[in-house]
Each structure stands twice: as structure tokens, then as C-alpha cells.
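Each of the next two complexes has chain A plus one other chain: chain B in the first, chain C in the second.
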Partner chain A sequence: MAKVPKPNELVFDYNPPQKWWMDTKPEFRPGTWCYPGKAKNAEVLGLPNPREWSPLDEDWKLPSNWKEIIFEGMRDCLNKYRSLRVFMDICVRCGACSDKCHFYIGSGDPKNMPVLRGELLRSVYRKDFTLAGKIMGRIAGARELNEEVVKEWFYYFFQCTECRRCSVFCPYGIDTAEITIMGRELLNLLGVNIDWVLGPAANCYLNGNHLGIQPHAFKDMIEFFVEEIEAVNGIRIEPTFNRKGAEVLFITPSGDVFADPGTYTLMGYLMLFHEIGLDYTWSTYASEGGNFGLFTNHDTMKKLNAKMYAEAERLGVKYIIGGECGHMWRVIQQYMDTMNGPADFLEVPRSPITGTVFDNAKSTKMIHIVEFTADLIRNGKLKLDPSRNDHLRVTYHDSCNPARAMGFFDEPRYVIKNVCNNFWDMPPNCIREQTFCCGSGSGLNTDEFMEMRMRGGLPRANAVKHVHDKHGVNMLSCICAIDRAVLPPLMDYWVPDVDVTGVHELVGNAIVMEGETERTTDLRGNPLEGMEDMSDEDL
Partner chain B sequence: MGLEQFLAGDKPALARAWFDLILGTYPPETSALLQKDKNQFANPVGYTLSQSLSGIIDEMLGGFDHEKVLPLVDQVVRVRAIQDFSPAQAVGFVFLLKKIVRNRAEEGIREKRVSPNEVLAFESKIDQLALMAFNVYTGCREKLYELRVNEVKNRTFRLLQRASLIAEIPEQDTQLKNGKDSIT
Partner chain C sequence: MGIKFSLLSVIALMAAVFVGVKVAGLHYFFGVVVPYAALATFLVGFIYRVLLWARSPVPFNITTTSGQQQSLPWVKQNKLDNPSTTAGTIGRMALEVLFFRSLFRNTKYEYHEGPKLRYQWEKWLWIFGLLFHYSFLVIFLRHLRFFAEPVPGFVHSLEGLDGMLQVGLPGLYITNLIFIAAVTFLFLRRVVVPQVRYISLPSDYFPLFLLFFLGVTGIIMRYFSKVDVVKVKELALGIVTFNPVVPSGIGVLFYMHFFLLCVLLAYFPFSKLMHLGGVFLSPTRNMPNDPRMRRHVNPWNYPVKVHTYEEYEDDFREKMIEAGLPVEKESK
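Then we have the complex of A and B:
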């Protein structure tokens, strides 16, 4: 018979223990950590210490000289990246960043405060790289590196989406996202990583995209969307693949090709390019805009980024247009130039339709589709019927990377306002450079992490709920493929009546195409306002 | 004088005391944050908590309309259901109200303004609140697992559809759907 608990065993403790942060340990509860990287994926990427292991095991099977490896790795990073040395030294623990992290706001776990996340690494740095720490130890905020520290790093560096919101509030400009990036880089030296990052990175390295989709399947999928567009407005689009001599190479995250609702955004791209007669091609080899190398280590990021440019060179295009992706733009904007650039074999992007030269991409030769479209609209080159989005009441989530890494605030709003009649922004402290993360970025968008994702996404969802209650908003737009994948479950949990879309899906709905038949539905097959009966009859 | 009336004398203090006890279920740094910032967007958990608790208190001392109470309980439990709490801790905040009401009622009983039976009756209302919280909690956890399943399905759905590995019943097949053509 099952043991019946005594009454006193049923009493639960309301109050958590009050201990100093160095004396608490993470508890690996399901939902708060991601599955570890598989050996086969680590092998493909040439990462150290490939093995099967679990964070729940006592023994993480670290290499025998793991401490040495970490210290060596730290020394290397400190020498290579001056920013890291500065971030390690200048934090005055003022706390301005502490309540700015969505994971802290949502979880209430103090080690999700950016300042403490940084301390996880800083404490070890102090102990071994500063005199004060060597002599005074704990009093100077220094601590010994041991396996518990590594476990704690794994737990908390994979509870940071590298969104950089905290850095906006730090008076010294300390970027905790960069600290996390270094933390993950060090962990990778020991073979401590997560499979949701390693798997996509390995697939991308071998097959060109995160899911490991072969070229023929990739082409097939896009042709499938061609049929879907034809069903909506009778227009037959003929995209080309791996076509040498095209003017533009278009690269978007593979999520747009394989997962709803990104697929509708992809239809928007196809429709737009067809309508303006852009001379462009898709590549079935550079079939991924995302770069999970950014979440692994610098080497992997560089490798995956190089592939896009190698393909542009092979095809002989003039420049690249990139789709609605988040971290792809962080890589392009902030790292590409010193990593694989400058891309001198390409030309400075110039819109063939408007003649606008995109000097901002002078060196990377890659422009964002939203700036490209905004320029088309501004020059009156698109015929738009925003009333086709009248069944939608839209708000906009500034995806972290385009927002904070590119300062990309106005272009998306400009496009949305031209293709929709009903738009409301969320309150000022939740948008633009202060935007709240979706809670699932930087490779944490895996299903086993769902509970933590709901915590991290709480502040964003809370702001959406506000505009939903106040203005009846029913559509959350964004320009990131991870957002499009993770915001639907987030909404489902917190604000169930709100759906998610990419900006170019809205463009696809509104664009009036030469020779099209009258539309009765939007790209999803939902009836347009006033067409509810028509589409029923169509069935 | 009824207990409700007696307690209604200082409604805000009642809500505040409950709020404070709930704050104690968070680590000290966090409870400081939850009460410090009054901005609805910078401090969504603290804000939601304090708004919902005073709403619940209003209802407890007023009509106790279930339709009004449920969304308020939902707001609190939906947050606690995904935070680092055991199920008991997540819904147990409701019982903290008993502690407060007993403390306050004591004086009323002494002064014979409140009868002990009224306290018992009020505690039954708190029990109902707890059951509501339990329902919401279970719903939230089920939702969490449903989200996981849906995500895994959606990840490959388009691909399977394209590869014709899924034999979908087309919408037009209403006959079949309505069971008119049943196999007999």
C-alpha cells in the first residue's frame, strides 16, 4: 500500500531560503533546461568532447583537464575580445539592469538578473585573473571554479536569450548578451551544450538549413506555395533556383519554408518579387538565413555565415536581400564584416526599381527585405489595398535583434501602416529599443523548455494582452522566424485570441497584382471582411 | 454586524496583507522588486498580483460572483503555474488569506461584533477559491503540455503534407464528416 503522508509532511514551506547567491545551486527541474547536445552533431561541427550525457547525471563526463581548458579559453577570449575584459572589470553592481531581463521578471529567480548572470562568470574571472580576487576571495566577489560552477553556467547561460535588453539600461553599456555568448563558448570547449542549437547548426553545415532539408525538397516546398498563391488570386509565380547571373540572391530563414505561420510570409515575398519583376534567385544550398553558430561559438558562426557569401559569389549575383529573420541580422550587422567581410566581390545594393542605393549595407552587401519594401512603398511603386487586412487588428513586436542590433524601428512600422488600416503600438517601455524578448531566442525555442519559455515571454505577452483588451488587437506581427514559431504558443498560453504573422504576409494580402482575380480570402484562406459569404460558396 | 462588513472596514489593508504574505513566497530580491515598481509593464507580476488580489477581496466581501472571481484567480495562478513552485505552492497562496482573516476576526469575536460561525462560513468561501485555483492550475499545466505537442506536430506538418505522407480528409467531404455514409 502506498505510504500515506503524515499531516506535518503535507505542510509546505511558503518561504524560500535566504542564502547568498554563491551558496544556492540550480535545481534541474523539467521545463527549465534544454536537452544536451548529441555526440553525432558535435562530431559534425568538430566540437570537443562529443559524448552522450545528461544534466541530470552527477557526472557530466567532462574532459579530465577541464579546468585548464576553461582557464586557457578564458585567457584566449580576454585577449581576443577587449569588450569582454571591459565587461569583466567595470561592472559596479549598481543594479540598473537587474529588473530588466524578461527571464527575471517572469521567473523571479534572482540569478536571472543580468547582473548576477554576469557575476557567474565574473566571480571566476576575479579569482584567477585579478589580484584582489586572488587575495581576498569571496569578499571581493571571487570564487573557485569547480564542477558546480560549470553546472550553474549551463543552467543560466541557457536561460538567457542574448536579447540585449539589459544593455540598454546599463550606464556603462555592459552587454550581458556578450557575456552569455562567451559563457557558451567556454562551455562548448568542454562539450557542454544543448542539442536544439547543435542539431540545427550541424544540419545547416551539412545540408544548408536547420532541418536538414535536401535541395529537391526545398524547391518542392516553394513550388507548393506557388500553387497556394494561385488558389488565392490566380497568379502563377515562377521562382528560380540556383540561377547564375541573377541580380539578387534571396536568403530567408528555413522556418519560413517549413513551418506555419512563416510559410504565409514566404508567400508574401514571392508575390512581392513577382509583382515588381525582380531578377532574383533562391539558393537550395544557402537555404538558411538563421545562424545557430552564433549560439555555439565564434568559429561555427563564421563557418555558417561564410556559406551565404560563397553562394553569392558562385552565382555571381550583385548583392543579397535577406528575409524576415532575427539573429541573421545580428550576425550580418555586427560580426560579418570583421569575420568574413568585407564582401568586395559584390556590389553596393541598389534597388533596380527605385534606384535607391543602400549605403548602410556598403560593406556587407546585404539588405533587409523590409527596408527594400519600405523604399518601394515610399517611392509609390506598389499598388496596395490595405482594406484586405481589415479583418486584422495589428500590433508589432520589435524582434530583439533587428531592433537592438540594427536600430530597425521605423521601416517595419512604415510598411505595416501602409498595408493595414488598424495598427496599435504596445506601450513605449515594451517596444523599439526597449522591446521585450519573445523568451525563446538564441536556440532556446525547443519544446522541452516550454515552461521557462512561458516565464521569459511573460512581459511580452502582458503588453500584447494590454492592446488586445484595449483595442481588440488580434494579430501580433514580427520580423523574425523564431518569433513566428514561438509567439503562437506564447499567445496561446497568455492571450489566446491573438495570432501571429510576419510583416510580408500582410504585404502579400494587400498587394494588388497585375491580372489577379478578385480575392475572397487572405493568404491563410480566411475570408476577407465583407467576403464571408462568398468564400463559403466557393467551397 | 457581519464578518464581511467588519473586514470591509479596511479592505485595502486586507489585500495588502495578503499581497505581502504572497511576496514572502519569492526570494527576497524578487519580493522587493515585485512591490517596488508600480509600472504595469515593467513589473507585470507585481502589478497583476496586486490588482487581482484586491479584486478577489472585493468579491469575497461582496457578492462572491464566480464569473467575476474566476478570471482574477486565473491571472494569479496562470503566473504561478509556470514559476518555480510545486503545485501546492502554486495554489497554496489562497490559504494565506485564512491566516489573515483569522487574525483580524479575533478582535471582532472578542468584542462580540463577529460570531465564530461567520468566520467558518467565510473560510468555506476561501476553500471554494482554492478549488477554483486548483482547476485553473490543472488547466494551465495541461495547456503547457498541449503546446509542446502542437509545436512538435507543426514543425513537420507542412513537409509531410507536401510529401503526401498525410492523407487528409478534404473539407468538402461533409457527407463523410456528418456520418451519412457510414459503413454498415
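Then we have the complex of A and C:
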């Protein structure tokens, strides 16, 4: 694995190279690309051309008729997606998107400007599908498809986190994430993909979740957190699994089950549901909220997503609540009902505690836990002690997908402000719809990609640093499991004194539960403000 | 890339007219044949391209949400940047098309040592973009006086407004100045900003030169060489009434101006200028953000192979039973 340069060793150079972009080639430098997909994972998912290969090899072992495959694949996508057709034709290269991408900001590589990322595909489209491109070639911005182009696609379509920030600024709404999605769809036809996406997707397909946690282990892990909660406040929670007839099925990304600090968020969910007496169940089969299929191709996304409705139907629940996750919510909001619905076996979500009917989810029948909690707080159904978060000075990272695929901004802030006394937003150019990506989304959260992750995460980290310096912020909250996994190393790298939390961890800290013993620590075992001495005695 | 090529192409086009009209006397060709051919290319090409776009379905609702969603009743929705109704979506599109809403968000990124990143005010592209399009529109509408008899009232009002300054004779139109200034700005921006220059193609410079010379020839005709407007109108009316006539005594400058317009028309459907039509069909902007409320239907939604619960239970039954997890069947 590549050694990651220190922050002060990184060079930022925004001068475009001398050579024109059609004449430059990516350099497969360690830390800037992800390991290729393994054959066994491609086989599980039924993806084409499973094989062992390496981007460093001259020969990528593409199928012999690979050009034809791309041509047919592109034609197919053009016929299936108006987005692609329109986006291929109407970019005016105004450059409004160019400096909006965190990977461009972090790398200075002009091909990380969304507009050029798009041109990588557009140039081939022009050659094969437009008259001007066929006749005029380069003059019309067209170029011949060859293996170098495929390698370039691989490099740059896996240096885009599909965050959609660029699409907010484009005067025509050209969404480079959509172009990347199509690019990856085409690359997958050739078996060109990365294992950090394929591995989790294959795991999810067979075991129900990205981490490959088997059913008994899933139950064990959650029960471990039950004990942790008991240690904090003496309350014994009894979650159920695969239980038929529950009112609600709860699905969250498996990352929350597996690693800190997501696990504390999971404890928050458990405590909340217990306290309000929600009749809900976990599922070991649909034990993944996230969907790395989104980062593979549309078919794989659909395959993995199908489990949510299938399990809800099998268990006979009334509706589904989804946990804090970013791309999971992109899929639920924009794809699920279309792909695997209609979910007419479910009912329109209605909070059993407040009676609120969630009309905004009346077709998908799946609501976001933060909506659910915001409604509980608004109706005064939770007893909260925000002073238990007084040792934290909190800011909030709008995760890309809930931000730009939903518009989920005020709900999380409402919850945070009700459970914390110290909250500061980052500057307006870096939050809400203009939020910067963590730099590791869309399946790029792997260690061998660390340099690019740190570079791509710079704009986010820099904004955190701003509120850290100005307001002493020491906690970065978010509603995304990938964020919870990748922001801690990002903070260590750029803003070392800031930690990362999910919103429901803050809820878990603040919620006053019936019959609980006095808390001296937060869910992480850190002493509460004013309790520093007591927790010492406990130890 | 391609500045010289684009500039030379446009100059070559004008030279061709000069030779064609002055030397070869092809008045009819440039005054009648080319305009009809260009108009036909424009209409057929434009419609063809829009139909091509429209023929591909929109399988998913992939709205880009640029504001607070419709959510709980007490959460204030941003109804224009994140509409959930048809009316809101029309409003959003109107803002995009009439005021370039998204471009208005533009900022400029700056790197400072530290590193410290800054996002600066940058509305120049928005300002000059708007100035360019609106002056183009006004000029276009003003030209209707050549193509309609009697001249519609609004054209007169427009001329009055546009000539407000009352400078010179014939009166100076503000939009002419703005148009040339804006095109110049768009060109300079492309050349001066290294990143924009790097992404630019010949097809980005070509329309700018085309428009620049279109404007310049027009201005020269109006203020300096004083073309015979009555004869031009005769020609223009002839074309729109399908009764083409080529009055003699119209200067070659007019033919150049007219030819550049024809090139613009014919070039339009094959170029990025189609953003005019495309922006209306852009799926991230023209749909309400309502896919959780109303199911969006994908016409080609086909089944895929899934790993069913039954298969899953078969894989893990023993372990599930041992862990006390409920199962559908006690054994295979």
C-alpha cells in the first residue's frame, strides 16, 4: 500500500499541463487508484469478464470484442436514459462546474473538473454517434476509442464520488455523477471495476450486508451494544430479529453494526426505539441499508435493493424506517420505488407515538429516522437533556446524497439543536446543497486510495477547520455511515482535534430514559461535563 | 485549442461570400438558396434532435435538490429550488431559463497557503451570460421589422426602448453595444482563464466568432455603410412569403451578414447551441422532487436475478436456529 504523504508534503498545482487533454495519460501512481475487482466477486454478482487483472499491467485482459461491447453498451444507455443523451449534447463548456469538484480542488488535475470528466465520455460519443464527430474528428472534440481511453475512464470515473455538487451549479443541470454512473456501467461490461465496490456488493448479495456478517453474528453484535448501553445507564434493551408481525422494519447500513463511531449511532437507535416503545424488528436478511450496487451498475443496484421490500413483505410489517446513511437514501429516494415497487403491501408510514402521517413518503413507505425523530421532538414526546452533550461543540456535515438527492437539511439540524447546546454551521458555501463531499463516497473509501481521499476531503476538512478555529468545534456530526468511517481519518489528517459522530449518537446521549441510572459518561465512555471526577472513580 | 481554426473558418466564410457575390455575382444563391437551405436544416435538425432526446425515456427521477425538501408540515420547504409540485417545477424551470438560476450560484475557488480554501464572489459569467442572451433576443426581435409588414407594434416599442440613448444617427441601439461587449467578454474569458481555455474546443470559439462578426457586420451596415433598408426588407419579405426576389443594389456586406446568420442556423442543431432545447429536457431540473410521494414509472423496468430470502435461509439455517433466529422451515 502507498505511503500517504503528510499534509505539508502535498503539492497543489492548478496550472493545466502544456499538452492538451486528449494527449495526456493518467499516471497510475499509488494512492490514486483502487484495486481491481476480484474474479470471485464478479462471479457472485454475475458480472461480465471475471478475471484477475491489474491496472498496472499493460494488458487489462479485456474481452476480444470489447470495442463492440462499449459501442453497443453506449447505444443501449443512450436509448434507455434521456439524461445521458441530453448531457452528451448540451454542455457548452462554460466551466461553471470546473472548480466545484472536491477532487479537482484537491488534485488540480484538470480531468477532475466535472466538465472534462464528462468530455472523457463525450469525446467517444461524438466519434461514434454524431455526424460532426465522425467527419471532423478532433476538431469537433471527438476521439477514437482505444484501450488508453478505457484506462483513462477507469482512472477518472473512480476518482468521482458521484456527489452531484457540480450539478447544482451547471446552468443546464448536467449531472456529472450521472455521467460517471454511465461510465461505470460501461466499464463493468468489460469487467473493469474496483474490488472495494465489488466485494461489498457480493457480500451483500449473499449475506445480506456489505461486511458479510452472517445472521447469527449480526444478532451477536447488536446484543453486544445492548450490554454497552446497560453499562452506560442501566437500561436493558431487547431488540428482536426477523420477527413477523412487527409494525416497523428497521434497516441501517451495516457499517453502524461493525465499527466505531457508527456503533454509537446504532446504540442511539436502540435507545430511542426502546424508550418510545416502538414495535419494530431488525432483519438479518435485509441487514444492509447501503447499496454498493449503485456504484456498480443499475442492475446490481436493483438486485441488492430488492431485499428491502421483499423482507418487509415477508415479515408483514406496515412500513420501513431507514437509518442514517447517505447513498442508501439516494437509492431509496430516487430508485427504490421505481425499481422494486410498488410497495402496495405496506401502509403509509404513521408514527405510532405522535400520529403524524408521513405523506412525503406515501408511495415508498419508507421514512428516514431523522424525520421520525424530528417529529417526536417537535411533538414533545422525548425527554431530552442536551447538557449531556455539553462537552461537545458540534458542527454538521450535510452528506451529499441526502443533500442533493433529497434536500434533507433542516430536519437533522432541528434534531441536533434539540439535543445539543453548542452547534455551529460551517460557512454557507460548504453546507446544505453546496456541501462538500467527504472525498471517499461511491465506494472509494478504501485504504489504497488514501492520498486521493485526503486530497478530495480537503474542502470539507478546511471548512471544519474554520469552525474549529473560530468556535472550538470538536465534533463533526453527519447522517452517513461512510462519513462515519472516513471522516475520522480525514479529520486526523487535516483537523486533528475533531471527532465524528452520527446524529443519533447525540440523541442517545441526550435522551432521558425511564428508569435509567444517572449517567456519568456519554455513549463512548467519555465523562460528561461536570462528571469528570466521578467517572474517574468508576474506573 | 482551435482559436485560430475557428477564426479562420469564419473569415473564410465571409471571404467566400465576398468572392461569390462580388466576383461571381451569386446574389440569388446567397440571397435565396442558402437561406432556405439553412432554415430547412435548422428546422429539421432541431426537431430531429429534440425528438431523439425525447425518444429516450427518463427511467428514474434524478432531480438535483438545491434546497429544503417538502417534509414535515412545520419544516419550511424551498419551493423553487426543490419543488415537489408541477407548479413549483415550472417555477424552477422559469428561473433557470429566464434568470440562469444555477449559474447565479457560481463562485470562484481560490487556494491560499495553509492550505486555506476560499470561495469568492464570481457573478461575471452570470451577468454577461444574461446580457448576451437578452441582447441577442432583443436584436432578434427587432429584426422582425424586416420580416413582417406591417411591423408589429411591440417591435416599435422595443426599438424605442432600445434607442433610448438617442445618440447618433441612425440612433444607437444599446443592445448592439451590449451584445458585442458580452460576446467579447465570453471570448476573453475563454482565452484568459487557463482552466476554461484548457477545456475549450473549436466548437466553443466558432459560435463566438460567428456571432461577433454577425454583430459587427450588422453594426457597420447600420451606422457606417448605410445599407438600403427598403431593398433588404423586400428580400426578407420575399423569403418569408415564399416569393423570393433579389433586388439589385444591396451591398456585399449585407450578404456577409445574412450568410453568417444562415451558417448559425444550419450549425445550430449540430452544436452545443442546442442547449436552448436541452435545458428544458434536463432530468435533474424538470421534475418535481416527489419520488417518495408518487411512484415514478420506468418503462423498461425488467426483472433481475435476486438472492431470495429462501436461498439465504438455506445457506444459514443451522446457524440461525442455533442463534435463536426465527426460520421459515426447520430443514431444507
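Here is the rule we go by: the second predicted complex is superposed on the first by the 522 of 539 C-alpha atoms of A that agree within 3 Å, B and C clash if a C-alpha of one lies under 4 Å from a C-alpha of the other, contacts with A are read in each partner's own complex, and residues count from 1 in each chain.
FYI, a contact is a pair of C-beta atoms (placed from the backbone, for glycine too) under 8 Å apart; a residue touches a chain by one contact, two chains touch by 3 or more.
Note that the structure is a prediction, hence the values are computed from the model and not measured.
Asks: Using the superposition on chain A, tell me whether chain B and chain C clash or fit.
Replies: Clash - chain B and chain C, as placed by superposing on chain A, overlap.
Asks: Touch test for A:337: chain B only (first), chain C only (second), both, or neither?
Replies: second
Asks: For A:462 in the superposed arrangement: first (chain B), second (chain C), both or neither?
Replies: both
Asks: Which of the two partners, first being chain B and second being chain C, lies in contact with A:68: first, second, both, or neither?
Replies: A:68 contacts neither chain B nor chain C.
Asks: Looking at A:170 after the superposition, I want to know if it touches chain B, chain C, both of them or none. Which is it: first, second, both, neither?
Replies: second
Asks: Based on the superposed arrangement, let me know which partner A:260 touches: chain B (first), chain C (second), both, or neither?
Replies: First partner only.
Asks: Now for A:493: first (chain B), second (chain C), both, or neither, which partner does it touch?
Replies: A:493: touches chain B, not chain C.
Asks: Please indicate which partner A:109 is in contact with in the superposed arrangement: first for chain B, second for chain C, both, or neither.
Replies: Only chain B is touched by A:109; chain C is not.
Asks: So, does A:406 touch the first partner chain B, the second partner chain C, both, or neither?
Replies: Second partner only, chain C.
Asks: Using the superposition on chain A described above, determine whether A:221 touches chain B (first), chain C (second), both, or neither.
Replies: In the superposition, A:221 contacts chain B only.
Asks: So which chain B segment collides with chain C once the two are superposed: 38-46, 110-118 or 164-172?
Replies: Stretch flagged for C-alpha clashes with chain C: 38-46.
Asks: Kindly list the residues of chain A that each of chain B and chain C touches, one partner per complex.
Replies: Common interface on chain A, chain B vs chain C: 12, 14-16, 98-99, 105, 110, 113, 220, 429-430, 458-459, 462-463.
Asks: Residues of chain B touching chain A in their complex?
Replies: 21, 24-30, 33-34, 37, 39-45, 48, 78-79, 82-84, 86, 88-89, 92, 96, 140, 143-144, 147-148, 150-152, 154-159, 162-163, 171-172
Asks: Could you list, by residue number, the parts of chain C that touch chain A in their complex?
Replies: Those residues of chain C that touch chain A are 1-2, 5, 49, 52-72, 74-76, 78, 81-82, 84, 96, 100, 102-103, 105-109, 111, 115-117, 119, 125, 129, 193-204, 270-272, 274-275, 278-279, 281-285, 289, 291-298, 300-301, 304-309, 312-313, 315-316, 319-320, 322-326.
Asks: Taking the touch rule as given, give the residues of chain A at its contact with chain C in the complex, in rising order.
Replies: Those in contact with chain C are residues 12, 14-16, 20-21, 46, 78-87, 89-96, 98-100, 105, 110, 113, 115-116, 119, 130-132, 139-141, 164, 167-175, 178, 205-208, 214-216, 219-220, 241-244, 284-285, 299, 302-303, 306-307, 310-311, 314, 332-335, 337-339, 341-342, 356, 358-364, 366, 371, 374-375, 378, 403-411, 414, 429-430, 432-434, 458-459, 462-463.
Asks: Can you check the complex and tell me which residues of chain A touch chain B?
Replies: Within the complex, chain A contacts chain B at residues 10, 12, 14-16, 18, 27, 29, 31-32, 98-99, 104-110, 113, 211, 213, 217, 220-221, 224, 258-260, 263, 427, 429-430, 447-448, 450-451, 454-455, 458-459, 462-463, 466, 485, 489, 492-494, 539.
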